[in-house]
Amino acid sequence: KKSATVEPIKIGFIGDLTGDTAIWGQAGSKAGQMTTDEINAAGGILGRQIQFIPMDGRGQAVDSVNAFNSLVDQGVLCVIGTNFSSCNKAIAPIACQKKIPLLGTTCTNDAVTVDQATGLVYPYSFRIGYTDEFQAQVLGKYAATELKAKTFASFLDMTQDFAQTETTWFNKAFVANGGKMVGTVSGRSGDNDFRTQLTKLAAMKPDVILLPWFYKDVALIANQAKELGMKIPFMGPDSWDSPELMGLAGPALEGSYYCSQPAFARPETKPFHDAYVAKWGTEPEAESLAVHDGLYWVKDACERAGKVDPVALRDALESTVNFQGLMGPITVDIKTHNPSKEASLFHITGSERVFVGDFKP
Amino acid sequence: MNSILSIKGLGKKFGGVCAVDEFSLELEQGTIHGLIGPNGAGKTTIFNLMTGIYHPTAGTMALRGTNLVGLGSYRIAQLGIGRTFQNIRLFTQLSVIDNVVMASGVDATYGMVDAIFKTRRYQRDEAKIRKRARELLDLLGLGGVSDERAGALPYGSQRKLEIARALAARPVLLLLDEPAAGMNEEESMELVGFIRDVRKRFDLTVLLIEHHMSVVMEICDRITVLDFGKTICNGIPKEVQANRSVIDAYLGETTDREN
Amino acid sequence: MLSSYAQGLIILVCINVIAVTGVSLLTGFTGLFSFGNAGFMALGAYVSAIASVELHAPFLVSLVAGVLVAAIIGFGLGRLTLGLRGDYFLIATLGFGQVVQVLIEFFDKVTGGARGFANIPPKTTLWIAVVLAVGSVAVAANLIHSKFGRNFTAVREQEVAAEAVGIDTFRFKQMAFVLSAMFAGFAGGLFAHYYMYIVPKMFDINESALFTITVVVGGLASLSGSVISCVVLTLLPELFRSLASYRMLFYGMAVVAIILIRPSGLMGYHELSFGWIRERMRAKRGKTASKERKT
Amino acid sequence: MFLQQVVNGLSVGSVYALIASGYSLIYSLLGFSNWAHGDIAMVGAYIALIAQTSGHVPFWLAVVLAIAGAGCVSMLSDMVAYRRIRNNHSPKMFLMIAAMGLSITLQNLIMVTVGPRFRTYGDVIPVRSIRLGGISLGVLDLLTMGIIVVALVALGLLIGRTKFGLGVRAASSNMVTASVLGVDVNLYIRLVFLLAGVFAGMAGVLLGLKYNIYPTMGSIALKAFIACVVGGLGSVPGAILGGVTIGVMEALVGGFISSGLRDAFTFALLIAILLVRPSGLLGKNIVDKA
Amino acid sequence: MDVLRVENLHASYGGIKALRGISLEVGDHEFVAVLGPNGAGKSTLLKCISGLHHPSDGTISFDGNRLSGVPHKVVESGIALVPEGRQILPGLTVLENLRVGAFTRKDRLGVKQDLNMVFELFPILGQRQTQLGGLLSGGEQQMLAVARGLMSRPKLMLLDEPSLGLAPIIVNQVFDILQKINHSGTAILIVEQNVYKALSMAERAYILSTGTIEKSGACSDLRHDDQLVHAYLGK
């Protein structure tokens, strides 16, 4: 066949392959390799094979920018990743300079796709998942209307951009539905002990506590809350989302809710999930699904564009309507590059994540 | 009489131990004064007090009328007191010549801008400093080892280097703490000649601690003897040597200096 | 024309070289350990970024503003802590670095907090970075070869003796510390205007530690060693990037290996110069010659 | 709430103290900050985890293995790296930098072999707390404090009263001289690393029980290092006092001033302590006799 | 029989040759001096024997066995060094310094007796038992160094300029002590700058200059060899 002699299409991936949250980057990288094989086996993109190039960005902006530049030099068509807003905010303007599409996976901050100073969208920056604003509103509204909470307090991670944004939007939705915020406390990821803040929170006696932290910290916080005898339910965003969480703090999170990409509740996910577990021996993360969707989205867009070219790809990505991924359908909003998605809500009972339903604010 | 240094009622206590007690000294410009006494008598402590390393618990000290008590070490050095250390304190990792150059701060009058742009002033000063350092090393017979690492020198040479370094800072009063330790008779006598020489050449006053009696007796104009922090005798070498309490406390009965 | 990746790396190397030059003066020459220089870099970065974006200051002015603020804070901190010895001082600077980070996160109205500060104009080009890095190293090199460098060295080697020859050790510690803060602040300004986006996490303790590691690996009392080491250690993780998850493992091992193989660091106590190379070659020849004689 | 915050502070402080005591032990001997000490604790935690999950041994045995293993790793780190640096007569700071390199190496070694996941030992010692008049006391915290008291007494006796201790202190004062006086310096250093590793192993397992097990869990040692400095470097009682001081300070600042500015305030306080006592709370201010 | 036998010893520091083929021996109960000018290599010789510096060539044997070159083993085999520059353990008290001196000894009672003995010899040390070694005066440190050497009850004692920094009255005392312990069976190899003192105490002496032995013989002969004394040791 002729395609064997044609150069493969290079698609870059940037994730945190090392460091504290390497679990997500590695899950993304694994899924990328798996999906690439799958696409190649099915004939590749427009008859060309694809080559998946994972790069370590350590979850850090500078490293991620370097990785991005390096991928651009290798002649990639586009780059999938990263999962952290802070990294994508640094890469987005460069992607626009270099005219290479960037498909953020689970980075949820608005500033990833929209230049906050001008309010204009970064033409080359896209995202596969939803936004902080979106999920925080879903949570806030749910807490007030369904859980009938009257008061909430937020315990936020000062080092993470999403924590602040989510607190703001949660508050808006919560207040709009008749609730009231009774206070915030903060900590920094990397700390191990949160009893001080928890003691303070307990004294505020809120009905729910918003907890925008990474799952590893969520586990610590929940366990320590339990140790202190606290029984207030927590609510959290997608940063809770890892199959690990239940093993780390299932009992301590009894009664809590969190919001995630809709993926795991959808039956379409099952084959991917099983194949992943069979191949790698571990559970996939939301990041795995995002990378999977990203690759297929690129395939879809290229095929719609009819050629393999970054600029054409960008145009095709922007005009995506109802692309069906494992995390739900993607329709791109031209003004924000945010996909129109729903958020899935999970309730933790009996150390299990129980799917509550898909919501929009 | 032209007094350069005046110490009155100096005292230093370490916990219960009174290392220096009521020590007074007038140094005449241009003399070489010996400070001797048994081990632990407080000689080095006096040097440390004079150079601001320790602060006295009593007394006053003045160099040419300028009070020394309470000043920082570097300030006292800048005022003109140079010293060597009993436990040698060279910049061991640096070359011999750099040890001397290091002390030539007084000769470097240029500022940071001169240094950054290597102005003529900088070059002039630096050349002068190097030249002088080399002269001082030659003077001490260290010219041949000027590029060696100071720490690699034999013990005796390290002592000489300490003197060269002290001289580089252009002192008016030089404090030597056992300069002849680790030297044999011949080397000691060479040192005596050398100390005389520099005193003349640089118009120095020297205060000398030394246990080599041949050196002390040979070179000192006057000698003060300490014991347990107290001055037990003060006079010209002959008097001191014959003093009963000095013999008892310090010299011992059989001063078998056979040469 | 260089690829953008290569350009990016060169710029990053240049920025790091500037910061490391400051640390080299402080640690390599004066013998003081700081784990807070990333804090000064953060100050430089944020001040210059805010000056550029909010006050529309020209690039040069914003850089100078960053350097000045770093210098002033460095002076104050030095006054307070330079009396501490060894690791006690180290901890004070480490604390300072942490405090800078926390304050930037806390005053998010001005700094953007953890959301970062974006839209900084991209002013740091390849040439600017290269010229300024070379200039900074040249300034440092000239300082070192003057009485200032000598006095730093004297402080490192023997404080008591330094004082005894009239060197005001506190003043020179202070000077080295402020200089290192200024270099860091300068690097921070360039950094901000290259990456266009800054977050406090970029200037955490690991960054400070990296500067110190770089200087020590380069060898004490060697500016050229620091520069070489900075190039090596900045590029090393890039070389290993394709090794994916093994990357930092090899990086760590490489640091240990360099220290074991070169006991005084890459260039300890020597500057890279023709004289030095000639001497090394002669020494090598001498060594082989003496070996031959023995057998 | 005040009392509860003090208890919270003691609980964290005791963990800092436990790591700090091992840290301090090495500092007192070699005069350098062993930045890899926390990572030795991490390795200990993983050894117990692997023994428990893959080896299916009872937990107490896993703990013993962890302690022994951490001791060996600590000793090995000396034999592979630090010892050579000493023999090279490199400046002390090289030891510290090597330790940093070692720290990166160990973290990433675990990362690539065991993986980056966060793990727990499961319900071996259920997270339990005793309620005492409205205050909750963690069972693990009590255990930690117990261990610390025992460790403090044992170390005090070992270093202050035995010949081993004399040799260690001689070596820490001046290695070359100690060796010409008949002290087998390398052996003693190795033993001290072993001892420090044993402490790290205990700390690692306790950390794992109390918090999570993950490759960078050792970075808590940074706080332990600060604790050592506050308490007075090289003094084991100082390290413990420092650890507790920092823990309580953090809790009180976080609880009553501002949780957001907690670290800023605690560091300001630390600097204040150092300005008043430049060699830490229990450190000796060694005067340099010229 | 010889306690110590050094054969064809070479040593260097980097490129600098400090010893170029030294051979010497110290007999049982003998008192031997090594003399020579500044930088002759005297300290290097003692360092090689005690394992502090590794010779590049040659052998050193003690009691008929080759020495290992590992300092603590050298001490265990019965050699004590009073090093150049005192080398007091500054952070340990006077008493602890002395105890470390007796580190290789097992007889607690003997150690206790010897402690009393050195306190008698150097009363000032007795008074300063709890002071840190680093805070002693130079001469006090020197006394401590000698006392510490005595504490190990060596078969052979190496002394590198023990009189350095001592008051004349103490110098005499130290030499008396050395003579005493020599009479009671300890062999002594001493490096001294105080040439006449050394020649009057020791039985034999070696004259070292720039790393080689220029002359050796009985002290009584050397003392009267004016030419030699002039050439190597100063008038």
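Letters A, B, C, D and E mark the chains in the order given here, with residues in each chain numbered from 1 onward.
Methods note: a contact is a pair of C-beta atoms (placed from the backbone, for glycine too) under 8 Å apart; a residue touches a chain by one contact, two chains touch by 3 or more.
The model shown is predicted, which means the values in this text are computed figures rather than measured ones.
Colleague: So which chain is farthest from subunit E, going by the mean of the CA atoms in each chain?
Modeller: That would be chain A.
Colleague: Give me the two chains with the most inter-chain contact pairs.
Modeller: C-D
Colleague: Determine, using the mean of C-alpha atoms as each chain's centre, which chain is farthest from subunit D.
Modeller: B
Colleague: Nearest whole angstrom, what separates the Cα centre of subunit A from the Cα centre of subunit D?
Modeller: Once rounded, the distance between the two centres reads 36 Å.
Colleague: Centre to centre, by mean C-alpha position, how many angstrom separate subunit A and subunit E?
Modeller: 74
Colleague: When the centre of a chain is set as the mean of its C-alpha atoms, what distance in Å lies between subunit A and subunit B?
Modeller: The answer is 73 Å.
Colleague: I'd like to verify one number: the distance from the centre of subunit C to the centre of subunit D, where each centre is the average of its C-alpha atoms, in whole angstrom.
Modeller: It comes to 29 Å between the two C-alpha centres.
Colleague: What parts of subunit E, by residue number, touch at least two of the other chains?
Modeller: 135
Colleague: Could you list which residues of subunit D touch at least two other chains?
Modeller: In subunit D, the residues touching two or more other chains are 108, 111, 260, 262-263, 289-290.
Colleague: Where does subunit C touch two or more other chains at once, residue-wise?
Modeller: Only 102, 105-106, 160, 164, 245, 247-248 qualify.
Colleague: Given the complex with subunit E, which residues does subunit B contribute to the contact?
Modeller: Touching subunit E: residues 14, 37-41, 43-45, 86-88, 152-157, 178, 181-187, 189, 211, 213, 249-252, 254-256, 258-259 of subunit B.
Colleague: Quick one: which bits of subunit A touch subunit C in the complex? Just the residue numbers, please.
Modeller: The contact residues of subunit A facing subunit C are 17-19, 22, 26, 29, 54-56, 58, 60-63, 65-67, 69-70, 72-73, 86, 89-90, 93-94, 98, 109, 111, 115-117, 157-161, 163-165, 188.
Colleague: Can you list the residues on subunit C that touch subunit A in the complex?
Modeller: 3-6, 8-9, 12, 53, 102, 105-106, 108, 113-116, 118-119, 122, 195-197, 199-202, 237-238, 241-242, 244-245, 247-248
Colleague: Write out the stretch or stretches of subunit D touching subunit A in their complex.
Modeller: So the residues of subunit D touching subunit A come out as 1, 4-5, 8-9, 11-12, 15, 108, 111, 115-120, 127-129, 131, 136, 138, 207, 210-212, 214-217, 219-220, 250-251, 254-255, 259-260, 262-263.
Colleague: For subunit C, which residues count as touching subunit D in their complex?
Modeller: Touch residues, subunit C against subunit D: 27, 33, 80-81, 83-88, 90-92, 94-96, 98-99, 102-103, 105-106, 159-160, 164, 205, 209, 212-213, 216-217, 220, 245-249, 251-256, 259-260, 263-265.
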